[in-house]
Amino acid sequence: MKRLLVAALLAGTLLSGLTPASADEVSQYIPLPTYRVGAYASSGELWWAGERDYFRYINEVEGGVEGVKLNYEEFETEWSPDRTVEVYERVKAGKDGSPLAFFFTHGTPATYALLEKAAADKIPLIDPAGGKTETVDGTVFPYAFPLLFSYYSQASTGINYIAEKVGGFDKLRGLKIATVYHDSAYGRASQPAVEVLAKKYGFENIQIPVADPGNEQSPQWRQIREQKPDWVFLRTWGVSTVVALKTAQRFGFPADHIIGDVWAGSESDAIPAGTAAIGYSALAPYPGGTDFEIHKRLKAEILDKGKSDLRDQKLFGAVNYNIGLVNAALAVEALRTGYKHFGARPLNGEEGRWAFEHLTIDDKRLEEIGFKGLLQQIKITPTDHEGGGAARIQSWDGEKWVLQTDWIKADHELLNPLIQAGAAAYAKENGITPRTPETETN
Amino acid sequence: MSEINLPAAAEPIDQVGLKVLTIVATLALLVTAPFLASEYWINAIIVPFLILSLAGLGLNLLTGYGGQLSLGAGAFMMVGAYATFSLQLRVPELPLPLALIVAGFIAGAVGLAFGIPSTRIKGFYLIVSTLAAQFFFEWLFLKFPWFYNGNSSATIALSRGLSFFGLDANSPHGRYYLTLGIVALLTLLSFNLIRGQTGRNWMAIRDMDTAAAVIGVPVFRAKLQAFAVSSFILGIAGALWAFAYLGSASVQSFGLTRSYQILFIIIIGGLGTIRGAYLGAGFVSLLPLALDWLFQHLFSGHVDAGLLQNIQKAIFGLLIIWFLIKEPEGLARLLSLRRTQGARRRLFPS
Amino acid sequence: MNMFLETLIGGLLAGTMYSLVAIGFVLIYKASGVFNYAQGSLLLFAALTFVTLTDQGVPALGAIAVTIGLLVLTAITIEKLLLRPLTNRSPMTLFMATLGLSYVVEGVAQGIMGSQVRALNLGIDDLPIFLGDIMISQFDLIAAGVALAIVVVLSLLFNRTRIGIQLRGVADDTRAALSLGIDINRIWQIVWAVAGLVGLVAGLLWGARQGVQFSLSLVVLKALPVLIIGGFTSIPGAIVGGLIVGAGESLAETYIGPYLGGGITPWFAYALALVFLFIRPAGLFGERQIERV
Amino acid sequence: MTASAGPALEVRNVSLSFKGVKAISDLSFQVTRREICALIGPNGAGKSSLLNILNGVYTPDSGEIVFEGEHFRRMQPLEAARRGIGRGFQNNALFSGMSVLDNVIAGLSRHSRVTLVEEAFRLPRALGQERAFRDRALEVLKLFDLEKYAETLVGTLPYGVQKKVEIARAIVAKPRLLLLDEPLAGMNAAEKQEIAAVIARLNRELDLTVVLIEHDIGIVLKLAHHVVVLDYGRKLADGPPETIRDNPDVIAAYLGSENAEAAA
């Protein structure tokens, strides 16, 4: 009996290696490494709901992208980079006749882990508002796309917003700005940018680490109480954001002087913090809310027809849900660009790269796809894999996120040399010859 | 091969023949595997399976044979990986195989240091020492940029790739043979240790450490040896995990969940057996795939994806409990051909 | 000096939050000799159940009653399906079984109730109070009071009720208790249920602090050094251990952290516990094991 | 063979307590070289605790032990083994996950001279030692007629056989002092006679000093040269078997009514 069980499991596994081929029409395969289990599931659940709802909308309402259906499939990773690598290996050859045009990593550490592999396999890694900042330089990193909003841009936009609040960049001189960060590669990713900004504008740069998972932060906030910074830039993630806001309240630091980054600015961060989050602002390359055109379309076609992946429809329009929508839209628009160039058939990795490198979403297109206000204008080029670098600022009013500003751009002139220097160092260390896009064909 | 002709009562000739046949078949399979399996199977299943087996073996020497419970397997893997990275970066003259060995020794020395408390602390109190190692190294390797050469992502990767005395081992096949060779060699060495005096000392301590001391087993030395040897193997496994499987790694690759995973491998596979590590690693690598497949075919579309994932997690937990209750010796015994060996051993007597 | 005092007091109060978690471990360890790794998951399960019920509009008292009922059922199930079949197995086997149990509890709890972060408002305003220059957290003060109340209630339970006295008998000498006809399985069920209740209290307080979500189950990692320092068998030990860990972490992060780049709390508690283990292997209040050969 | 004259073992004013309860109070006695000394007394008299002090499992609160002329405040288990003190336990303390042969070889551990590397690569020295250990262990097993069980997992054997394996393990490294805790417990009469004969032979042929704890007074009086009677951690009587048998204190306190009959 026991042996039978083991044998059955083994047989099942072997069979799972063989994929059933569905014949007639070939769709574009899109694997989604997801985390519905584990410490980060709370952000994940909504994110996948957004992605799936949008893909479903494209498939069922718009009949696919240029007629090509999207075949998306989930793989559980628990946000573990190792398991994401496993998923990547599993899917990189494509499925059911469709090659892989790109791979969503759904997490900065996973992007780091896959950087070299994907470059070797020629598969674009898509990690909007995440990834490795230097990979903005597409001449050294042709297959990495930290779309929208790199970590340097996050720091810069945050400082720009503070400058706006205090009445100009000259007023930054002499201010103290503390960064409370999750002590990980993610948390530290913005440090070089803040350093440069501090030098340029003459504010004092205080860096305070919070060790993972960060569920007790009194020492950190006591330090803040001692050093009395004027503003706090919060670069935490998961539970450490909630605890940071709660502890800030306890130590009497005003929430309206705390600015969170992208990954510290969702409902999952604000709701559990209760009153401590009122007035807290966050960078929003993906604003929350349901007032955007796309939400009306989704509500009518997906939610009201009971096809949504959302378990709790109250969370429709939550920041994490909208992250999913925007990511899905970026993928769809890139594919569309590619299909127009290569023909309406599943793309491979190299074609996928071309597609992303020629992705342009202007205001008119934003209106058409219903993302006006939710997504910034995008123009990706072979030398700029970010393509945006702006965010809106939203504040928590105790119930929901309220948008405070229009798109605030990061200071790319200041940041680009930093990024290029980092990319050049990487190229040297790894023996990569940066490509020269001008001379490339197609 | 003269033994085959002896009228050994224990093993009739046809059984011995069968054994030889099995070994030959296994060897043939191992060598030709890359040509039978797809690249996906080699990269994503077989190579990690081999490395996890090696890590399981390393932990099994300490926990299954030496009776010292450790929740720090990940930490020692981490030390091995970061040491290999540092050596390849800073001592480029050192060829990879030697770097791996030196890294193993560094991991072994670290394991030895964290094993010192075991001479005063017994049983599961020891998990404090091993957990301390786990958290300390997660912090250390992230905190000081020297360990990852200051790159902004805090990850480590071998910039020159894998090579084995001039042979390029970067292709899937290269990685497979590199891993297989190291795993096979370390398994053989471990096997030799286990059936010799060292193994006897470890098992004596596991079965009854006070009695072991009284009859003259050098408990202090043997425990430290167990920590050092186990960490040596774990360190090499960690380096392979980072560079032969993942390609690049960060502290998250060797977090607490990795430590648990290695522990589960040996519980499920069989504590205190060599092949248990392999069986357990196979089980742990394949079970999620099998459950995925099963659930996709049974419930796809009917049940919420989040629920599915959580059910799988619960099933995994149940299997662990079930193994501990029903088969404390794990798959190694379950699949054993010699089931008649008598009553069960009791590991870790209370 | 004020800074030092404030750090110390803040740390001590935060430490009682660790103690609250540790008490649940002590109860189970005393009665069944298990280091129950799943205590963190049970804590998550309890808090999640409560929040899910109140979100559905169930009044708080009703939600507590239902949660307690579920915890009792869980305790009985665990006793029947896990403890009983593993009777007389080594502490390490039991520990590993509870590791598996934590997967089951987490999977079931989050599978049914979802993994969204839930807010939990206990109506405690967490505004700072000042004692002279020294700032004290109101929330932590209340948590400390709750911890104290639990200790008082538990010691009354142990010293004044028949069940409690039987339980102490089981803890002191299982074999003798068995020979006296004490139903040890029932004792286990009761103790696991009580530990679940303590977990509920701890889960609610921690949940109010950081939201009810998966990471609640990680507080188990904070409880272990507390237990090592205080001793696995002593409830006062859990309190004192919590205070030491809380104060130690807080002072270390403030005064040693800057020299090491900060963020040292995850391992500092373990290093502290190791030091204590070397000095007093059984913990401050624990009983020394006598080896019988 | 080292010290010319004097006792092999001397216990001087040893006291031991657990959690404030006295287990042994101010106990002193001597064991002469090459004698079999029996410790008798009711349960809880402190007999096993005393053996545990002698080979370093427990540390006495006060007092000292003199073994072959050297004074010890506290003995370490490994040190005791190295100095030639062998030990059999009351409730079998065999290594249940190992074969009978391996259990006995484990008793030779302190004679091992090969390094980890030699063993991992099976270098000649490691193989040679392994062979020598195996031969020596088989030799001892033969003494107890246990060769047929050599490869059997020890936990699967009957209690009486395990008892023998334990004695074999205790003497395999040729100790000079052998401590045995109830070596005859749980055996039938024939087995008892057999083991008693082996103990007597070891004592005679190997010049082995033996300290044993035994409840079977009949065998004790025949086997032992010297008897020490303990009661509640104190020495009640000390002398050759004949005088012990007639000591009224002993009869009153320990032998009691039914035991007295058994002794007669």
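For clarity, chains are labelled A, B, C and D in written order, and residue numbers in each chain start from 1.
By definition in this document, contacts are C-beta pairs under 8 Å (C-beta built on N, C-alpha and C of every residue); 3 or more make two chains touch, one makes a residue touch a chain.
Since we're looking at a predicted model, the values are computed, not measured.
Between chain A and chain D, the least number of touching-chain steps is 2.
The chain with its Cα centre farthest from the Cα centre of chain D is A. Work out the mean CA point of chain A and of chain C, and you get 37 Å between them. In whole angstrom, the spacing between the mean C-alpha positions of chain C and chain D is 45.
A separation of 32 Å divides the Cα centre of chain B from that of chain C.
In chain C, the positions touching at least two other chains are 107, 110, 114-115, 261, 263-264, 266, 291, 293. For chain A, residues that reach two or more other chains under the stated contact definition are 36-37, 41, 45, 183, 211, 311. Touching two or more other chains at once are residues 57, 89, 93 of chain D. Those residues of chain C that touch chain B in the shared complex are 35, 81-82, 85-86, 88-93, 95-97, 99-108, 110-112, 114-115, 221, 224-225, 228, 260-261, 263-264, 266-267, 270-271, 273-274, 277-278, 281, 291, 293. Per the touch definition, chain B reaches chain D in the complex via residues 189-190, 192-193, 196-198, 200-201, 203-204, 206-208, 210-220, 225, 229, 272, 341-343, 345-347, 349.
Chain C meets chain A in the complex at residues 3, 6-7, 10-11, 14, 17, 107, 110, 114-121, 126-128, 135, 137-139, 206, 209-215, 218-219, 222, 249-250, 253-254, 257, 261-266. For chain B in complex with chain A, the residues that touch the partner chain are 38-41, 43-44, 48, 139, 142-143, 151-155, 157, 159, 245-250, 252-253, 257-258, 286-290, 292-294, 304-306, 309-310, 312-313, 327, 331, 334-335. The touching residues of chain D, counted against chain B in their complex, run 55-57, 77-78, 80-82, 86-87, 89, 93-98, 102, 105-110, 112, 114, 116, 119-122, 126, 129-130, 133, 152-153, 155-156, 169-170, 173.
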